[in-house]
Each structure stands twice: as structure tokens, then as C-alpha cells.
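Below are two complexes that have subunit A in common, paired first with subunit B and then with subunit C.
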Partner chain A sequence: MEQNRKDLLISPFLIMFIIHSNQVGVGILGFPRYIAAYTGNDAWIVVIITGIIFHVFIWMVYRILSDGSFDIIDLHNKWFGKWIGSVFNIALMMYLLLGTIVILRTFIEVIQAWMFPELATWIPVAMYLVLTYYVLAGGFRTVAGICFFGVLIPMWLVFTATAPIKFSTFSNLLPIMDHSLKEIALGTRQMTLSFVGIDILLLAYPFLKNPKSSRIWAHMGVLLTTLVYTMVMVISLAFYSEGQLQQSIWSTLIAWKVVELPFVERFEYIGITFWCFVVFPNICLTMWGASRVGKKVLHIKQKYFIFILITFVFIACVMVVNRDQVDYLNTLTSIIGTYVYYFYIPFIFLYSTIWRRVTRRI
Partner chain B sequence: MKWIKRGASEKPNTLEEMVKDLKQSIDFVAYENKESDQPYRLIYFASLIDPEQLHRDILPVIKECESKSLEGLKGILPIENIEISSKLSLIQERLLEGHVAVQLSRGQKVLLVNISLRKSRDLSAPEIEFSVMGPKEGLVEDLHTNMNLLRRRIPHPRLRMKEITVGTVSKTKVVVAFIEGVASEQNINTVMQRLEDLDFDIISDSSFIGQMLEDNSFSVFPQMIDTERTDRITGHMNFGAFAILTEGSSNALIGPINFGQLLVSFEDYYLGWNIASFFRIVRMIAILASIIATPLYVAVLTYHYELFPSKLLATLISSRSDIPFSPVIEVFFLEVTIDLLREAGARMPTKVGQTLGIVGGIVIGTAAVEASLTSNILLILVALSALASFTTPVYRMTNTIRFLRYPLIVFAQFLGLIGVALFGLFILTHMIRLTSFGNPYLAPLYPPRIKDWSDSFFRLPYVMQKNRFQFFRGNQSTRFKDKKKKSKHSLDFDEQ
Partner chain C sequence: MKYVCSLLLFCFLLTGCVAEEIIDEVPILFIVGYDHGEDGKIKGTISLQTFDPNQEVETRGFEAEAYTSKGLRNQLSGLPKPISIGKMAVLLFSEDMAEEGIIDILDSFLRDPAAGRLIYVGVVEGSASELIKNEFQYLQGIGPFLQNLIKQSVEYGNMPENNLHLFDYKYYGDGMDPVTPILRMEETEVKIKGLALFDDDKMVGKLNLDEMFIFALINKSFSAGLYELELPDGEYANLQKIKSKVKYKVENGNTEPSLNISVKLNGNIVEYTGEKLTKEKKTEIAQTFEKKVEAQGLDMIAQFQKLGIDPFSIGDHARSQTRNFDFKKWDERYPNLPVTIDVKVNIGESGIID
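This part shows the complex of A and B:
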């Protein structure tokens, strides 16, 4: 089996970059508004709570995968039989494809809103998908490499966060904890969309060298995401007033406007340019995951199946024409993502625990 | 598959036929001496042999030889490596290598003596990879001299040199040199296998071999380093690489390499580590700037001029206000001019080249601005990026950098900054996928090998470079033994 080929495996610590890059996408450019709608100045607490919940999810996922080096596709087939297992697998593929479409289309929406109002959607979509094919044809190591650089290259943008601090009033954050538990729960549900992405672990697990020792790095990935989100959230809350924040769709981008360099006036252009590097790993990873399902369930070679996927994603992205539809797509993904994380992963986790107990007794 | 279409002359069956066939060339000699008491015949290519050696060492011996057999003659000739053969193909091959065939009696059997003439130019300083510090010793076109240069630098029995002949017509001798125990066996096997599989008629230069051995021949990135510096070759061998020396080429090929090594001048190792690191970083920034400077100009001035602060924008607009072209045409015009100058400069004798530089750089540049064909800001950008591109220490990399900006300019014109970023992603993916003899091209950056970073974007002092590079998967021996560190200073500050 291919899993035994050592030269195809990646170092365990790269899982940190894979998870972090799959979590951070376009959401970070505008998520503070949605969370603050529920919890106002306590939104940063919601970010931290969601981060902690996702650490629990990582723990669950590692428990699910703990024996052998199988991915979730094998496990589905093993636990639920071939037919029901395949239904689960196809559903997983659809979910991953939805992820691709949402992130790609939303990012192009950003480009259209900020840089090229007249740009036809199909041009950047086609370019991105051709690039995706080129990455996937290099195997998982190339995908992991794109994740690595997709985190490393835009990393310096973190320092631009210092610019809005000058114009911030941190007393906006006070009083702490004046929102009800229900509001916080609703905020957490809303926040889930920005954190989804650790599901790729279910598929990438067999490609890791010493998969068990990679757990700490997976946690580091989520920790990094939590830190970045918390930073963005705190700055957004301090930089904007509550009413202002509700009116800014892409609040992070707008906050970038205050970055001042001697030769750059509108820094958000540079931010969006570098965001090309942030978005790309997401597309590669989800497409890779979807093509893996195609390979193992439908028994079509990845190199042919990817063409079907690319065509599908292309058509889907082009069909989404306006801001409302993009919004709808995001809401839909948010709902599905919530179900995947709060129902499916705990369910599989319990199922695998019980399965192990039962089979051990027999 | 025949290289030459054979005409009337069929493949010779006997020695006489072969001699008759070869006599069509003017430099072929078949001299027969029947007068003396010892009749003999000499067959050779006059253009290939050393006549002095023939007259001094061979002719007198033949004349005074008492035994009438070739075996007896072989015993008394003061030259090594004498063969006796009657195999026609071997005789022909040896004659073409500069042997002389001696025949004492009629028949097929001949004595083959090697008296080939070696002519090579004197050693000279490397001209392409110039350095201020360090040895000024470059390879020459003679394989033998080159091997001697390497062996003198690494006088160690483990320095292995494997010979292989490539080229069906040119029969070029190629030597793969490496240090056994340091170079990875897998890499050596790969390169030997690829050399054996190589099938081509005439190998004019080592760069032929380089192009045919590369992992990905569609890539614009060099996957081997061409070098004429002996210190670079031995240095790389010490990292675990091998060198390919080719007869008739003053360049050796080094492989496997990684991308970082293309940006390393060997002079970096002769300067202090901190100074060298600084220059290395400057060079990297220069190269990046050289690739993206003009594409950014096109992208920003075509689509995103609001990116500039109003003061800077005013300067830009005033310099561009008279120009009737769009930025992309302006940029193409100047970039092509620079490449023209470069191409012309490379083909011209040095003295004319200087004049050309003045004409090109000053006259054309100034005139283009004065004629409102380009803005002077762009002229500065293009000149700087041209200058920056020549900081690359490896010549082939310079070409790559000069080439890469053109597609980038096209993408910048097409999609502005997003186009530049997308093309950047393409290059990035390409470099992640690229390998040099199976070794990842971007190592030690990706896959990350943090131990190897001691000599990558910067260079740490030699004391801290104890471990050999990991990325060629070679031997993991250390470069020196750990000694108890003695303090170099003893001041009142250090003492108890």
C-alpha cells in the first residue's frame, strides 16, 4: 500500500502548518462583525472558548484514528460496512468540496469588492484551479509544502496589527463578561465556521511519519489559530465602536487602511495580495481530501478524478454571482460545519470507543 | 540507427581495407619501411600523435630491435600501456585516440602504442565566476589537468573518480568525482545510471550533459551548478555532492544542489561569517527585487495607483505625463533594451563591450527619457533590477532571473497584484515539486531541516558547522572532532 512508502510521508510537525492553514481562510478578514453581533465586547472570550473546544476536537480525532495508520475512509468502511460507509464517505467529499467552493468564491468576492470590481469570476477561479491541479499532481508532500509556505510567507502581516493599536481604545473591551451564556453559546456556534478545518486530519493522518507523535503539533496548530483570531478580535473590538463594527463587512481589511508606510497608502491591497497565499492551501487541501475519497471509494485514479472535481468546482463558483449568494453559501457552510463538528465528530468518537470496547471483549 | 549515411565505402573487413579507407584523410599516415633489415610499417593519425615521442622513443627502438616479433618489441619499448591486437574495431578506436600502430609482418596483428599529443592551454583565473578573495584557479579544457587539480586539493584515497564514455560519435570521456563515504551512494548510482543511459552523438560541452541529466528538463531553474572554480567543486564534494568533469569542457557540473546554493558565492566562505551572511542576505533581497520590481511597476501603475501616497503619486504622474504609452509597453521596451545590451555585450570583444555599455546605458537610456518614451523612474528601476540580477553568483541562475520577469510582467498586466501573486504561487509550487537527482530543491527550507540552516540564508562560524548537510542524505559524519574549547582570551573579566 502507498502508506508504506516512506518517501511519500511528511514530518509530523508539518501537521501544525496543515491544520493552521486549513483553519485560517477568508473568514478572518470579516469574522469579528458576526461574533460581535451576539456577544459585543465579549467576542474575544468566544474566540478563546471556541479554540478550547477545538482542542477537544483534536483530541477526539486522534482517539478516533488511534489504531494503525488508517484514514477515516477506511474506518467508515470498517465500522459501517461498505454501503453505509460509502454514503458517509461521499458526504465527506461533498462537505470538502463545499469548503473549496466557499473559500474560493468568497475570496474572489473580496477581490471583486476591493480591487477589481469588473473582474469576471471565472478568470481567477480558472487560474486557481489550474494551480491546484499542478499542486495535487505533485502528491501530498507538495500540498503540505504549499501549506507550509502559505503560513510562512504571509506571517509578517501579524506585525501590521500594531498600526491600528495607535487608534484603539481598549476600554471598549470593558466590562468583561456581561453577556449571557446563551449569547456566548450562539457566538461560539457562529465562530465555528472560522475554526473548521481540522477535519483534514481525518484524511492526512496516514501520510504522517510517526503519526502518534504529531498530536502535540496538531494542538500547536489550533493554538496558533486561536492566538491569531484572538489578536484580530481584540484589535477589532478596540479599534471600532460596536456600531461601526456592525457596518464593516470586511473589518480587518478596513483596519489595514490605517497602516502607514512611506511608499504605500492603501495597505489592504498588499494584504489581499498576500491573502492569495493564505487561501491557496485551503483550496489544495480540501480538493486533495475530496480526490482521496474519489480514489478510495469510487476507485478512480486521483489524476482523472481531479478533473471531475475541478469542473464541478468551476461551474459551482461561476454560478454564484452576487454578494447575497456568497453570504448564503457561507451561512450554509456554517450550519453544515456546526453539524459536522458538534454531531458527527462526537458521534464517530463515541462509536469508535464503543467499537473498540466491543471488539476487544470478543 | 546510423549517425552517418554510409556511401560507397563499406565497413572494412581487413586492415588493408581500413588503411585504404582512412587514407582519404590527409592527416592519416601509413608509412612503410622496407629498406632496412627490419621492415616495418607505422600507421597513425599525424594530427593526433606527438611526433617528438615517435622519433625519440619508438623509431630507434624498432630499428635496433633484434627480435622479429611484436611481443619482443613490446618488451623493450619504454612506454606504458602497449597493446597487441588484431581486432579491427579496437585498432581503429585506438588510432583515433592518438595511438600509433606498429606492424612488423603482413597480417592483422599490430602493436598499439599510446603517444597521443595532449595540448591544453595554461591554467587561468576563472572569468565567469570572479572573486576578489580566494584562489584564482579555474578549470581548463583538458580532463587530465582538471583531475590533477581536484586530486591536489583533496589528496585523500577516498576521492573516487569514475570514468565513463558518452556520445556515440564524440566518445567524450566523462569523469564523476566524489568522496566515498561522504556522498550518498544513492546519488552516485543515479548519476552513473543516467550517464550510462545517455545516448547522443556529439557532446560538445559539459552543459550538454547537464541538460540531459536534469530531473525536469522543462524547468527554467538550473538543477546543477556549472562551475569553473576548483574551490567550489571541492567544497561541494565535501557537502556530499559529486562533480562531473567532461573532456573538452572547462566547466564542471555539480549535483545534487538545492536552490539556496545557487545564491551562494564561494567567496562567502572566505569572508568572516557575519560579513558573509550580510552579503548573502543582501544578494537574496536583490534577486527578489530584481524579479518583481518591474512587474510591480506595471501592476501598480496600471491598476492600483491609489496604492501610492499622494506625494509619491505626484512625482510619478509628473514623470509619466508626457509618455504616450501604457506602463506595460514602456516596461517591455526598456527590459528588452537591457537584454539586448546584455546579449550584445556577451558576443563582443571586451574592449568594444565597454563602449557598448556607455552607448547603451547612457545614450539610449537618457535619450529614451528625453524623447518621452519612458519615464525616468522606470529607467532607475530597470537599471537597478538589471544590476541586482547580476549579483547572482551562478551564471545560469542569472539567466533564469532575467527570464522570469517577462511572464511576470504579462501576469501583472493581466491581473495586477493578484496576477503577480498567482504567478508567484506557480513558481513556488514548481520549486516545491522540483528535485535535483531526487533531492528536494527547496531543502533545507522545505522539507525543513533546521540543522542545515547553519549554512543557508546566512552562514554561521565554522565552529558551529560541525555537522555535514543532511539534505543530500549522505554520510552523517561530522566535519571535525569536538575539542574542549580553550578560551582565546584571558582577561580580568573572565577570571574568577
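This part shows the complex of A and C:
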């Protein structure tokens, strides 16, 4: 591996920030109502269950990558041969690109719906993508740095949760476990989209110093995500009545409306502005992942391939023009994400285990 | 350097992307009142303020008629634009507007990202328009004045918590109904007259100030202001800083429901017209208060059951205490729900003299 020189590697604890920032995106601004549609007041249990499932996925991913320091692109080629492996790799790239488009376009929709209704889509897209190029040009270490600050800088927003608590009715959470297993399973499937993002580990693994010891940090990343999501969910359930929550498209943002500060009347504007920090690492990470595939499979220089990707993402984002299309894009990603996590990852996990057994015997 | 230059370039490019709104030029809206207009239209009255760096704050009232709340904006032709509703503080409805339902108008504020959720919604006995036009009496304008009036009644007085968010909460929630304050213009001043009771978004009844106090104590744990209590012997005692701790217990929510409300009250005596405030006297005051809260509470719930409304969120309490709760059955049973209230009053301090 030519780029595995020491100065290109990152500290293992950074994987926590990478995973957390890739998981948390725009979804957190509005996910409670989609989960509550299935499980009502038990939606917070669904968040915890999904969190636990993702700990299992982390374990699987570390098992898949356990020998040597290869990323999934190398492993695809090794296990399935060059042709089928390339098909897998290109599919992975498409999936990552879809992730970029969904998060970028959804966030810009938030900006358009909340702050600047007359803002043309291409302007923030262009701004974001220029900045993305700047970060990607700095290599993976810069991307990891962006993830670090993308988690730390907006962290203080957690304290704003105290404002909606003032108007909350926590008896809304009772009675606990009042929904059937089927409803909870459906809620978990819906919740998957918000937790999607640990797939970046499949590509970032060879860039970690002592990759094996980084596992605990990866689990910490998922734990942090679970905690944040559970907090948002519990407050949403207590702050809104069930019917009201179903009405609210961006429930987390609407809850910010009751934050009272002497110098600003609408706190959401500050919240949305800080959310730029949350969204940016997502875009950088997925674009970086996609460009890795371009480099290793298509043998195009990463520098040039990023240009192609940026153009593609730009055109795709500008083509989405209204709420319904954004919604469709999110549903599509949710379905594909579900397949990636519940079929693809267990599949390659089993495949890698069997492969190892077989090759060891020979 | 290349990157820095291109980033700087973007900063300049961005300045013309959206229409700018300068605080000195944008009229800021604090209050809107809605009345019935001609042929099915809504009559909206606003009071707005323009902030000028060199002059004082300018307050002006406007009036227009249209079919929707946002439509009123088009009709306000004598007004500088764009109007900002970011600081909107109070929405007032005339009583006959409220009786026909107000959610269509509230929708305009719930949908708009610029509007807050801590806006107070109020009902005016008489005309909302006349109340707002009386604004010149108040130095800071009628909007901020009413906002303070209601806010302080909630924080230090006897009014239960209410705002646009809680109205919306109770409107969309099952097993609960909203309440709002009632205001009235009396000669030269605006007064709070009690609470308006809503069935969904239609006003169906009223509570006077005395009932509002009891309502606030029973509704949920609350900290009320001052209350004048008449004793059986004709003396009066004033209670202050009354804190209530409330527990709702619904049994057999799905079959034969029954409700018990336990109210624990804690208060201080700050005034007493009788001779000497002995221990026995204190017990008597506590017992009188207990009986009063219990009797008035039961009356109030009976009134709610008759009207088929649930401002105490009893249905929601039942849901939180019953597995697989069935709202359909509950709605049938609610009018005949047996209710008991246990009140326990504890007199804390009684001032610095006996």
C-alpha cells in the first residue's frame, strides 16, 4: 500500500469522530416523526435497539477487515476477482455519492425552507463543493480533522435542549413498551437511515495507526450517536403531542423556536448556521470514499477524479427542485441503506469468515 | 493562495443572493387582532413599530380585510414592506371568531418558519380591533404591553401556562383541549377576565378569574400568586406563593374508568382580617381552602364533561396509565367518568406577626 507511510495515518481515537460525524447529518433535524409514526411513545426504545444493532455492525466490519491493512476495495478484488470485484466497488461508489447528494440537497432544502426562500440551489451547492475540494486536496488527514471539529464545534447545541424541556410532558413516554414487536421492527428499519454511516470504516481502515486497537473508539462513536439520538427523541416525544409531531417536518428545528435569548428572537437561524459544521464532514467523507474507488479501480488520479465527482454531485443537486423530490431521494437512500446494512455487510462478513477458514485449511 | 483568493471571491459574489432586510426599514409586527369582516372575510388589525436610529420608536395601527391571514398583507396597501413577524407576541381573536374556530388562522403562523411558538393566543370579549386601536395609551405599544401582562400572570399570577405551541400541542393531541386567556377592554384599560375553553379550535365556554385560579392549581403542578379566601365566619385570609403538586390516577382506563386527582397545596398566609391567627385558625383556613378547591374542581370537571371537552388532559393521563388504550371507548365513557379529588393544604409561613 503506497500511501501507508506513517505521516499519512491518523490516530485511532479519531475514528470515533469520523464515525459519529458520518452518522449524524440532516436526519436528526426531522427523524422523530418517522419513527413515532410506527411506534409512538416507544420510539426512543427503537433508537436504542438500532444503536445496539449498529454496534454489531461495527464488530462485523472489524472482523471483515481483520487481516492486514486492506480496505474493502482490495478485499472485493481479492475475494471476487477483478471483474465482479469492480462491479461491487463501483456500486459502493454510487452508494457513497448518493449519500453526498442526499445530505447536501436535504440540508440546502432546510436553508431554503427556513432562512432564504429565494436562494437558488446552485449557490450553496457550489460553495460547499469548492470547500470540499479544498479539504479533499489536503488528503485524508485533513478530512479527519474536519470531522473532529465537525463534532466538537456544534456540541454546545446539546444545552439548548433545556428550553423545550420547560414545555415538556414526560408522561408522554408512558406506558413503556406499549407497541407490538412488529411495530418496533418497522420502526427499527426506518431508524436505520439515521444510523447509516459506519460504512466509511470499510475505506478508512488502512489509514488508522494500530487499526486493531481503534475498535473501542469506533464503538464509542456509535455510542455517542445513540446518546444524541436518544436525547433528541425523548425530548421530541415529550415536547410534542403525538398528532403534533406527525405534523412537524423539522421537529428538532421547531423545538428550537422556544429557546429564548436576549439578543436573538429566532434561535433556529443560529442552529441552522451551526449545522453547516455538522453537514460538511459528511460531504467530505463520502466524497473522499468515492474518490478512493475512482483511484484504485478506475486508475484515475484522485485529484482529477474529485473534479468529475464534484461536477456530478453539482448537477444532481441542482436537478432536485422541490420537497417531494427531496423526500423521494431520502426514501430511496433509506431503502438502499437498509439493503447495504442488513444484506451486504452480513453477506461479506459471512463470506470473509468462510474464505478465511477455507484458505487456512489449504 | 489560489484557494484563499477563490474563497474571497465567493464572499463578494454572495452579497446579492437574497433580498436584504434592514432592521431600520422593516416594520416589526407585535400584535394582530382578528374580527369578522364583511361577507365572510376576516378583519385584521395590526399594530407595528418601526425602529429608527435617530428617532423614537414609531407605533402605528392598520386595518384590512381578506379571506386569509396572509391575504391581509396584500390589502395593507398603506404600509411599508416587507413586514416581519419574527417578533410577533400576541394574537387576539374576537369571541365570535373564536367560536367558529381559529386553526385556519393559526396555521399561517405555525407554517411560517419566521414565526415563533411562544406567541400568546388570546380571546377578546368584544372587538379585537378596538382593543388594539387603543394602543396609544401604552408607551411601549399594545403588543409588548399585552405580552408582559400575560407573561407575568403566568409567572407570578394565577394563569395556567399557555402559548401558541401549547395550543397546537393540545389541538393535535388526543384526549386534551386547549385554553387561552380572555381579555376585555374596560373603559381605559385592558383586563384579563379569565380563561376561554376550547373544543379543538372552537371556543365553547369560559372560566372566570376565580375558576381560572382553581383550574391552574388542578391542571398540573403549578406555582400561583395571590388568592383571597373567604372564611365561614366572614373573615378573609390572603394566601400567597401557593404551590400545587398534582397527581392524576386513572383506573381501568379501557373498561370502567375512574379518576382520582390528588392535589397537594402549599401556601403562606400574608394577610388576615380576624383578631389573632391561632393554630386552630390556621387549620380552619386550610380546611376551608381544601373544601373550596375540591368543590370547585368537581364542579369544573362536571362542566367540562357536559361540554365534552378535556382541558385537564384527563384522556392523555388515562392513555399514559393504560396499556393499549382505546380512545374511542374513552370518548364514550368520558361524560360519565366518576371523579374524586383529594386536596391537602399545608400552611407554611404566616408572616412575621401572629
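Methods note: the second predicted complex is superposed on the first by the 360 of 362 C-alpha atoms of A that agree within 3 Å, B and C clash if a C-alpha of one lies under 4 Å from a C-alpha of the other, contacts with A are read in each partner's own complex, and residues count from 1 in each chain.
Everything that follows uses one rule, which is that a residue touches a chain if its C-beta (ideal position, glycine included) is under 8 Å from a C-beta of that chain, and two chains touch if they have at least 3 such contacts.
Just so we're clear, the structure is a prediction, and the values are computed from it rather than from any experiment.
*Asks:* Per the contact definition in the header, classify A:I123: touching subunit B only (first), subunit C only (second), both, or neither.
*Replies:* A:I123 contacts both subunit B and subunit C.
*Asks:* Looking at the overlay, what does A:Q244 touch: subunit B (first), subunit C (second), both, or neither?
*Replies:* In the superposition, A:Q244 touches subunit C alone.
*Asks:* A:E265 in the overlay: touching subunit B, subunit C, both, or neither? Say first, second, both or neither.
*Replies:* The answer is both, since A:E265 touches subunit B and subunit C.
*Asks:* Just to be sure I read the superposition right, which of the two partners does A:S171 touch: subunit B = first, subunit C = second, or both, or neither?
*Replies:* A:S171 sits against subunit C, while subunit B stays out of touch.
*Asks:* Based on the superposed arrangement, let me know which partner A:A113 touches: subunit B (first), subunit C (second), both, or neither?
*Replies:* Second partner only, subunit C.
*Asks:* Contacts for A:D324 in the overlay, against subunit B (first) and subunit C (second): which applies, first, second, both or neither?
*Replies:* A:D324 contacts neither subunit B nor subunit C.
*Asks:* Once chain A of both complexes is superposed, is A:Y134 in touch with subunit B (first), subunit C (second), both, or neither?
*Replies:* Both: A:Y134 reaches subunit B and subunit C.
*Asks:* Quick one: classify A:K257 as touching subunit B (first), subunit C (second), both or neither.
*Replies:* After superposition on chain A, A:K257 lies in contact with subunit C alone.
*Asks:* Could you tell me which stretches of subunit A are touched by subunit B in one complex and by subunit C in the other?
*Replies:* On subunit A, the overlap between the subunit B and subunit C contacts is residues 115-116, 119, 123, 127, 131, 134, 265-266.
*Asks:* Please name which positions on subunit B make contact with subunit A in the complex.
*Replies:* Its residues touching subunit A are 303-304, 306-310, 312, 415-418, 420-422, 424-426, 428-430, 432-433, 442, 446-448.
*Asks:* Tell me, which parts of subunit C touch subunit A in their complex?
*Replies:* 3, 6-7, 10, 14, 17-19, 86-87, 113-114, 116-118, 161, 165-166, 168-174, 176, 316-317, 320-325
*Asks:* If we count contacts the way the header does, which residues on subunit A are in touch with subunit B in the complex?
*Replies:* 10-11, 13-14, 111, 115-116, 119, 123-124, 127-128, 131, 134-135, 138, 141-142, 145-146, 148-149, 262-266, 269-270, 272-274, 276-277, 280
*Asks:* Can you list the subunit A residues touching subunit C in their complex?
*Replies:* 113-116, 118-120, 123, 127, 130-131, 134, 167, 169, 171-172, 174-175, 178, 240-244, 246-247, 254, 257-258, 260, 265-266, 268
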